[in-house]
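Okay, here's the structure, questions in a sec.
Going by the order they are written in, the chains are A, B, C, D, E and F; count residues from 1 in each one.
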Amino acid sequence: MNAREKKIIAYHEVGHAIVTSVLPEANPVQKVSIISRGMAGGFTLSLPLEDQYLESRKMLLAEMSTMLGGRAAEEVMFSDITSGASNDIERVTKLARRMVTRLGMSEKLGPMVYGQKEELVFLGREISEQRDYSELVAQTIDDEVHQLVDSAYNTAKEILLKYKDKLIEISEKLLEVETLSKEEFDALFPTPNEKNQGIPYLDAI
Amino acid sequence: MNAREKKIIAYHEVGHAIVTSVLPEANPVQKVSIISRGMAGGFTLSLPLEDQYLESRKMLLAEMSTMLGGRAAEEVMFSDITSGASNDIERVTKLARRMVTRLGMSEKLGPMVYGQKEELVFLGREISEQRDYSELVAQTIDDEVHQLVDSAYNTAKEILLKYKDKLIEISEKLLEVETLSKEEFDALFPTPNEKNQGIPYLDAI
Amino acid sequence: MNAREKKIIAYHEVGHAIVTSVLPEANPVQKVSIISRGMAGGFTLSLPLEDQYLESRKMLLAEMSTMLGGRAAEEVMFSDITSGASNDIERVTKLARRMVTRLGMSEKLGPMVYGQKEELVFLGREISEQRDYSELVAQTIDDEVHQLVDSAYNTAKEILLKYKDKLIEISEKLLEVETLSKEEFDALFPTPNEKNQGIPYLDAI
Amino acid sequence: MNAREKKIIAYHEVGHAIVTSVLPEANPVQKVSIISRGMAGGFTLSLPLEDQYLESRKMLLAEMSTMLGGRAAEEVMFSDITSGASNDIERVTKLARRMVTRLGMSEKLGPMVYGQKEELVFLGREISEQRDYSELVAQTIDDEVHQLVDSAYNTAKEILLKYKDKLIEISEKLLEVETLSKEEFDALFPTPNEKNQGIPYLDAI
Amino acid sequence: MNAREKKIIAYHEVGHAIVTSVLPEANPVQKVSIISRGMAGGFTLSLPLEDQYLESRKMLLAEMSTMLGGRAAEEVMFSDITSGASNDIERVTKLARRMVTRLGMSEKLGPMVYGQKEELVFLGREISEQRDYSELVAQTIDDEVHQLVDSAYNTAKEILLKYKDKLIEISEKLLEVETLSKEEFDALFPTPNEKNQGIPYLDAI
Amino acid sequence: MNAREKKIIAYHEVGHAIVTSVLPEANPVQKVSIISRGMAGGFTLSLPLEDQYLESRKMLLAEMSTMLGGRAAEEVMFSDITSGASNDIERVTKLARRMVTRLGMSEKLGPMVYGQKEELVFLGREISEQRDYSELVAQTIDDEVHQLVDSAYNTAKEILLKYKDKLIEISEKLLEVETLSKEEFDALFPTPNEKNQGIPYLDAI
């Protein structure tokens, strides 16, 4: 990795970290690092506060914004975008698709499942998803998935524009020290008010 | 499962139970529980009064509303929906699709079968459903299936809005005791008048 | 099978029997029964008067109306329809499709064959029908098949509405005795005038 | 085969025989028979006067009209059509399709080939035709094929209407004797003037 | 092969030979023959003057016109076309398709490749071309291929109409002697002026 | 390879070399040669100045223009184009497609992935890309890919028109000496001002 790339990766990872630290339904940061791990040039670790069995629509939207925080940081800071976000955008696409086609979370498409999981048994074993709907439904699915992703990406960009000073400050710090622990990150980025709104819906009754 | 999730699951299960207890063509409740069983966080058991060989259109619509009672309870009570209904919406989709494509129960599509069951013989054995109709028919099938599901979902929501007080009362009780027997449930939710209308069509002649 | 279902099945079978006894090109009834046989709750047996090598368009239309006589009886008598007709509608769909795509019996689509029969040789043997036509032709095929089925179904319903008194009388009798022989059925339903018109086209020259 | 069917088959076979005896580019009759052979209820044999290496557009159109002469006879004589023509219409469809997609004989589609022949090698051997064109071309192919068949069918019907007296006379004779040799047929149906026009195009230069 | 067919084949082969002898970018004739070889009734041999590594757009267009010279001769001379051109039109289609989809030679579709070559590994080995573009692109490909073929065919017909006297003279000669060597052909058809224009583009700089 | 082809290849290779030497985000030339290597008639070698882990949108666009520099040189200099660019246009298509479908670099299609990578396990191993989107999205992907390629091609042509004198001078030199080292090429084509703009975006903050 050359120096330019190191810089891009630092901003990319801090982008993930800030977004997840701002959204109420997202998990808090545990660690941010630009030390390479496997295929990735860096990583940001965030974990839920307690065990989770159910995924709610709002939690999944927050997770999508967090995933796109890296690409959003590249776009907000530089006049170019890189292949560094390829894994993030693959995961975000799968998640948005699952919300729409398996979890019934698109109002337009209703509380239904689209596409059939099929097991094809040859010599090996393979699970394939068979499309069982019309072209018009395929188009609506694409629209809904695209809108979910766009909405999550815009949320990420808005947060990073609001906290652009912090993004620069923490990224430059990360370039120096290479890894920030939860405590170090929290010191640089104290939990903002909007995070503390909690998840209100269960107290509503 | 954390405390928030337990609460959601309780309302979800009581949603199933109330819907099936109101619709004349649906089966009566045997048991409601929020003790985890396999993949599910809770369950509601309902059984027919006598053996059944034939499924009528009205019975199947009532079954669909019952399946969607859990998701409907989440939407009616909270400002979010969860992945807890994923199994329900998969089953409801399959059932609606079967009514339209295998049982000839859509007036628009007529007393016909759509799609060919095919056995593909490789080394293993596999049954696959081959689409043998045009895009226009595929679109009509999607419309009809979507309308069946929407109609069943709306029925479920209307019932739960009408009995919202009962939904809260029984769910909070279930959170305390974790399991309600048929007798306990019946005591909390005496069979309403609309249930006793019976299935009139056989007496019509 | 519960008592309600027994009643539905009786009317269903007598529906088949009356339609085949009225249409000139259909085969006469041999036996009607509501004693279960395999998957079916009852059966109606009808056989041609002599060996048949050729199938004519008119004979096949009469066969389709007979197949749909069961479902038509359910609709005419009750305010609901059941899964009891699922096998009938599968057979009727195949037959209508064959008339249109293999026998050249749709005027719109002409004396042609649509779709190629292909043998795929893996380890086992399999015959599959490959679609070799455009979407527009697929749509025309669907329309023609649908119209054939609708027309056959309407014929069945008209006959049963005309003979509704007989349908009730014979069905109630069948519920008592469970099986009617050819002689018993003929006594209850003497061959109507319209049946005796014969198949005129061969005498026309 | 019952008596009615025997009658239909006789007219069907004589339909083939008369059409091929009228069209200049078609082959002369060798034999007509209503004695069953394999799957077929009867047969008409016609052979070219000399060996043939090339097939011309006009010859192939005449061959199509001859193939459809059986079905045309059924329609011209009776108010019904039968499954007896199923093999004829399958062959006529294949031929028309080959003219359009393999022999470049549709002016609209030009001197080109449509669809790729592919050999798929599994355990067995199989030749399959892969579609490699757009939906719009598929539609044009269908139109062109349909028009070729319709045109050939209309030619057959016009010939049989013109020679309806002969059709009846020869068919009734065939019902008596069951087989007509070339000489017997020629005696009943002397070569008409239009046949003797020959194939003019080679003498045109 | 009967006498009529021999005549058609002679004109067909001389059609190839004249077209390739007129177009500047096409190869000169080496031999023309109506002695059968394998499946073909005759053949025309033409070879490039020097080894060739690159194929240019203009050379390929000339090759297409040459391939279609046989069919063009049939159409120009007779009022019918034959199956004798089936191999030519198959090759011309493949070539035009390759120019458009593999060589980027359609201005409308740009310097791009369309469709992915894929190797499917079963027990045997097979190369298949996977379509990876939209229906709209498929339609544009079809249009472009069709236009290339039409343009090449029109060029061939124009040449043969211009040299119709030569076409008749040489074909009748060929019918007598059955084979013409390069020298014999050149004597009958001296290289026309338009051929000697050479391939100008490399001298243009 | 004949002399004409040698000339075309020289201009083709120098086309690659000049484009990569002008664009700021492209790699500098290491070697240019018209000595055949494997399937290719010549080659141009260019390498990045430092190791690269990330690919940016601008770098990839510059790489595409470089790939198309050969075809652009043919079009700019001669009135014909050749099959010599077939490998270049295959690579450029794949790259543009990857930018749009795997790297989320089309603004219209958003930070998403299109199409699912699937592993099909038969006897051998195969990776196939399954289309999981609607026809409308397929069309948008095609448009975006086409626009990327067109834009890259136009950039290449503009550069070569601007430096046409150099293109002729260096190509004619290459025809003489057959191989140019980095030093020899640099002497003939000193780095232009526009190259030295560097990659500005990382210094922008």
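The rule is simple: a residue touches a chain if its C-beta (ideal position, glycine included) is under 8 Å from a C-beta of that chain, and two chains touch if they have at least 3 such contacts.
Keep in mind that what you see is a predicted model, and the values were worked out from it rather than measured.
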Overlap of the chain A and chain E neighbour lists contains F
From chain D, count the fewest steps through touching chains until chain F is reached. 2
So if I superpose chain C on chain E by CA, what angle comes out, to the nearest 5°? 120
Centre distance in Å when chain C and chain D are each reduced to the mean of their C-alpha atoms: 33
Need the CA-centroid distance for the pair chain C / chain F, whole Å please. 66
Of all residues in chain A, which are in touch with two or more distinct other chains? 122-123, 135
Indicate which of the five shapes (line, ring, star, complete, other) describes how the chains touch one another. ring
Chains in cyclic order, anchored at chain D, direction fixed by chain E: D, E, F, A, B, C
In the complex with chain A, residue positions of chain B that touch it: 1-2, 4-5, 7-9, 41, 68, 71, 77-86, 88-90, 92-94, 96-97, 122-126, 128-129, 131, 135, 138-139, 141-142, 145-146, 149-150, 153, 168
Would you mind writing out the residues of chain A in touch with chain B in their complex? 50-58, 102-105, 109-114, 118-123, 130, 132-137, 199-202, 204-205
